[in-house]
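Both complexes below contain subunit A, partnered by subunit B and then by subunit C.
Let's turn to the complex of A and B:
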């Protein structure tokens, strides 16, 4: 069986690599909690490249404005049409920030309208169960960014399946630490990342 | 009226009138004594009575004329209807109707002898309708005697208007009915009914049945584009199977037969057909989605596919600046040039910019537009502006994101917005050119990704405090765990030092790709400390290997000048790690303090960045596999459908269409149209072939080639792959 490779989308505008440790942290969590065959390192894939088709899940984040090139739009459209899933997280945690404004504009052009993911969605029970929907982050609870706690994630769907998952919760900050430092947490805050991966691979 | 009036006048005007009236008067006056008493004789004799009768004479003339007109209308309408049923031309039928109408009116007037309506005849008509006159009116106006004068006085007081007026209205009833019936026959009767009647189906049931069974005939579709498109010409299609129109277009569909027994639906929405002469007509406005117009008549139906024509968003190309740039200082201006094209017309265009300032987790943004243009439906334009860098008051590290944006006039589904590629203009940070990072975004912090030196010091100090209460083995284990973290941090510092030196440098530096837990692929440097001189020599070699000499100042090489604080930290970390690994945390602390101080000096110098080379961390899967404290409980799932699951259904449907074509070509055409609508988005080539096939079948041509083409397109081409995809998706 082929192993899962966690891929970070590299886009031409903005700071795509603002959370460099998130991939390995989630890879560690996947190994720690599941038996999914997983590659020990992540991959970085240009969003405008057809190499993106090799990965079932792409992770995209940043702080700066996102303007996809026409090649990136075309590749992403094809990627989503073919069943890929894109997970986008606003590293600014700011609905008034330019990352949010520009990337949602781009995503709606490519994937259609983003709508709220209900807290009963199977995304929240794909592996771990989150009865209250997406877990809050310390950035939200500390009042950083837009000083809001976002109760919902947003998503665009292909059929009944999420094709683009969009988060304002700043998981990019929350999960951007070396996996060895999980030992300092009483409860692993990356568990929801496992749900995202399991959902992308199995739904 | 005409008969009654003419009969009365013809028999009474010869002299019988006077005798009759005089005889009637002799016996009546005594009974009407009160009338005489209450109305004293007038000095003018019969003059007031005569005037009243003259007014009534005018009214009678008007009524006679009206009767003639009404009867003429009725007769003319009936004549038109009859001629229509006889199948004469439309001009001829109206001419014939006119002649008949005029003749009928003339006959009515003639029979009423309106020209002979004298005062006496009017009086006679009145006294016949008003019993209160006691047949004395004629005598009153004719007599010259005193008795006649008195009678005239009496008559002048008599009230005959009400019964006479009622009689006038009654006389108009029948002509009005005649006119209505004639109009109904002549004007309202559609040609199709006349045709049916002419064919011999006289009773209404038979007429309706015949109309229902009449063939649907061909449809004519006229399309008028929405106003914003400014497309003057209407498009007309005769007997179409497919009509393409911009969303918001007005579509007029006209049928060749009567509206009776004909119905139309647009998808599930019934449409109201209206008669248009002998044809039917329906109008509607197209939406932005595909739709199917179905027209039915008895057992016959016709389908017309309506396909929206997409109004393309403007195509915007940014020509200048041609690429992303880094400016050493926020001064000067940048020329901006973009071209815009649109299929129907450009409404506005402008350059948009966003300035992002800040770093780390704190960013602020400002945005604005430049060089805005409005256009009156031009289909191409060039946008020019100048970005004043001084005016933006940029700071080092700020990034200006530029793009051109254009909108079209589409007020139905739009406006369509087109954007160019974006360009990023970054202002360099101070000292940036001394280092390796010239990428667009600011570099992350040096110690962001690892357990910091300060944290390691805290852990070591805590361990020293607990040393007395712990066993030697426990303390050794804990100390070695800190040593591993210290090793990892040291290697990170090594990566920083050599990161600017390229691949060749990696061979010289401490660049093992491990997780710091003893699973590294050790290179030549791992396992032994380097003196600063050794490390610097290695860095110098690496510099030479890169083949790209770097700037330097004074007598130091750039590697030394830039990395000296980090080299100190590196070696201090070596010392600390060695002590920790030997279970001597107390001895490790001074070296750790030195390392921290060196790192802080390095950070203050703002010369160390990790940009472009994210830390490469390899997870030891076997070590961590299923070691998590929490337990997940995956819920059952349903497998996803194959990507081409829809293709099998479409192919089955195509087979049914072929069967239908063989059995009933007309139904087969409808099925082809519906299949075309279903596949046009996913399989446009197949849709094109199906459209051709429908046209060919409809016009009696051979559609085999088109159907084969459609079949091949729906089957999908042969895909050659060199290997299986990495995951379930098809590459």
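Let's turn to the complex of A and C:
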């Protein structure tokens, strides 16, 4: 049976592994809410390696400046052209931060211009319904980072399909906890992560 | 023994007699035209036929004997046919190799609008294909004398074979409906849908995420041939629609079944084969010239008598098709075909697209409709020639051409003049009046 494997992109610059608990937390949510066959462990795949092609959804995050190598750019271009989807989250939650500035520059070189994702986009109803667009994070509400609440996500598309989904909302901090601790939440804050995975698997 | 003067006198008399006879013959021929003049047109090559036939426009020849180095066009054939029906004996023989040739165009059941051009001619013949936009292809017909070309062709297609110019155009158009994909949310369903959409198919999809959560694409309507050309069942989530799939196939629809869906007990009656052993993927083959060897697969054992094995791997069937009542069912043994698109060579996305589109095309329900306007074409000129004027003469035309009527008149007139001139000269030279 072909299982879904949650894969984290490992890039040469910056701190790609800044949210080590996020994969297992999202894997738990997928297993908890859906009947999709999912691998209990995630994968870490070098972005410049052809192994990236084995994982049509890649998660990428970090705090530090990002500069892709030419190999990473080439692989990512091929990856997106063939139907892969890259989910990038700004772990700084800071539009003035170096991660945001450098990674958006790199992404626009590879994938084209990032545009706002409208709140009516099917991403927000792929599994759970989020009428107001992307759910806010406690880091936004606490005024950390750039002290802004970002009401939308950004995306580059291939046709009508999102190929690169970019978030300034710092889901990497919000979802970076052990899944056992979900019992302390009245509403599981990782539900939007399920939507991202289901969208990637169906569009 | 007569003297020289007597001989000369007799020769003069003979010349006068010959002149008078020639004059008499001319007068007689003028007053007695032949009831059926033996006017036989002999044409040494095809290019001369229009001119020769034009010359005979007002006097129907008794026969036409044509030596053809190429098949004449439809207008000339019609002319020959009209002559043969109006009493002329039309016969022909072929110079060099003048073989049967034909070309036909049929629409393919795929959204790209491509057509299948089938050219038949003598083995080894050179053929060039032209459409409204220019030359499309040129090649030699193989040892079978058949060449099949799948291409996008505009307007009337002209095929120049040695000795014939064949024209053809599609007479029918196919009505394609949507394709329904049934799968669990996953890479296989996603990339199968993507491949079909990128090939131009309209795709509805039902991708199951959880028992009460289904991601639907398109307006899912009843599964019947009025709405869908084909359905693709990728895994066990198709079980809910198994009775509908069976009805759909029996009524003419095409159904493609992947190994995971073939394990649904309710679909057993549709299957042309049973699932066998697992065939492991060949490492590194996805980027090779045989990329499907790099996919895991399930060997198939055909069960029905009319099952056709379309593809084998290591001797085992991996794609089997069969008819089910009015429809067709294709059992595909490959799994995880999305890996081909993602992990294969630079050509693999296009190959993956073409493969999925080809699978659907091979089973798709596509009723045909006559085109409102069909251009005038000449699809089998050699056959049309035989139908018009019969088969070629067994041997070369034996008899030399008889002198025609006007030639006889010229000869008689020359004889008349020569006789009178000789007789008159002889008399003047000897001093007589």
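Everything that follows uses one rule, which is that the second predicted complex is superposed on the first by the 202 of 203 C-alpha atoms of A that agree within 3 Å, B and C clash if a C-alpha of one lies under 4 Å from a C-alpha of the other, contacts with A are read in each partner's own complex, and residues count from 1 in each chain.
Keep this in mind: contacts are C-beta pairs under 8 Å (C-beta built on N, C-alpha and C of every residue); 3 or more make two chains touch, one makes a residue touch a chain.
Computed from a prediction, not measured in an experiment: that's the story for all the values here.
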* Here subunit A is shared; do subunit B and subunit C fit on it together or clash? -> clash
* To do: Have a look at where A:157 lands relative to subunit B and subunit C in the superposition and call it first, second, both or neither.
  => neither
* Touched partner set for A:24, first subunit B, second subunit C, both or neither -> first
* Asked: Once the shared chain is lined up, is A:50 touching subunit B (first), subunit C (second), both, or neither of them?
  -> both
* Could you let me know whether more residues of subunit A are touched by subunit B or by subunit C? => B
* Asked: Thinking of the overlay built on chain A, is A:97 touched by subunit B (first), by subunit C (second), by both, or by neither?
  -> first
* Considering only the touch criterion stated at the top, classify A:13 as touching first (subunit B), second (subunit C), both, or neither. => first
* To do: Identify the partner contact of A:136: answer first if only subunit B is touched, second if only subunit C is, both if each is, neither if none is.
  => neither
* Which of the two partners, first being subunit B and second being subunit C, lies in contact with A:119: first, second, both, or neither? -> neither
* Asked: Is A:33 touching the first partner subunit B, the second partner subunit C, both, or neither of them?
  -> both
* Hey, which part of subunit C ends up inside subunit B in the overlay, 41-49, 59-67 or 149-157? -> 149-157
* Touching both subunit B and subunit C, residues of subunit A -> 2, 4, 33-35, 50, 53-54, 56, 82-84, 126-127, 198, 201-203
* Structure fact -> Within their complex, subunit A touches subunit B through residues 2, 4-5, 13-15, 17-18, 20-21, 24, 27-29, 31-35, 38, 40-41, 44, 50, 53-56, 63-65, 67, 69-70, 82-84, 91-92, 97-98, 102, 122, 125-129, 144, 161, 173, 176-181, 187-188, 191, 194, 198, 201-203
* Quick one: in the complex, what on subunit B touches subunit A? -> 354, 356, 361, 363, 365, 367, 399, 401, 403, 419, 421-422, 424, 440-442, 444, 449-451, 485, 515-517, 614-621, 624-635, 637, 640, 643, 725-731
* **Interfacial residue positions of subunit A with respect to subunit C in the complex** => 1-2, 4, 33-37, 50, 53-54, 56, 79, 81-84, 126-127, 198, 200-203
* To do: Report the residues of subunit C in contact with subunit A in the complex, numbered from low to high.
  => 184-191, 194, 205, 207-211, 213, 215, 217, 260, 335-336, 338-339, 341-343, 349
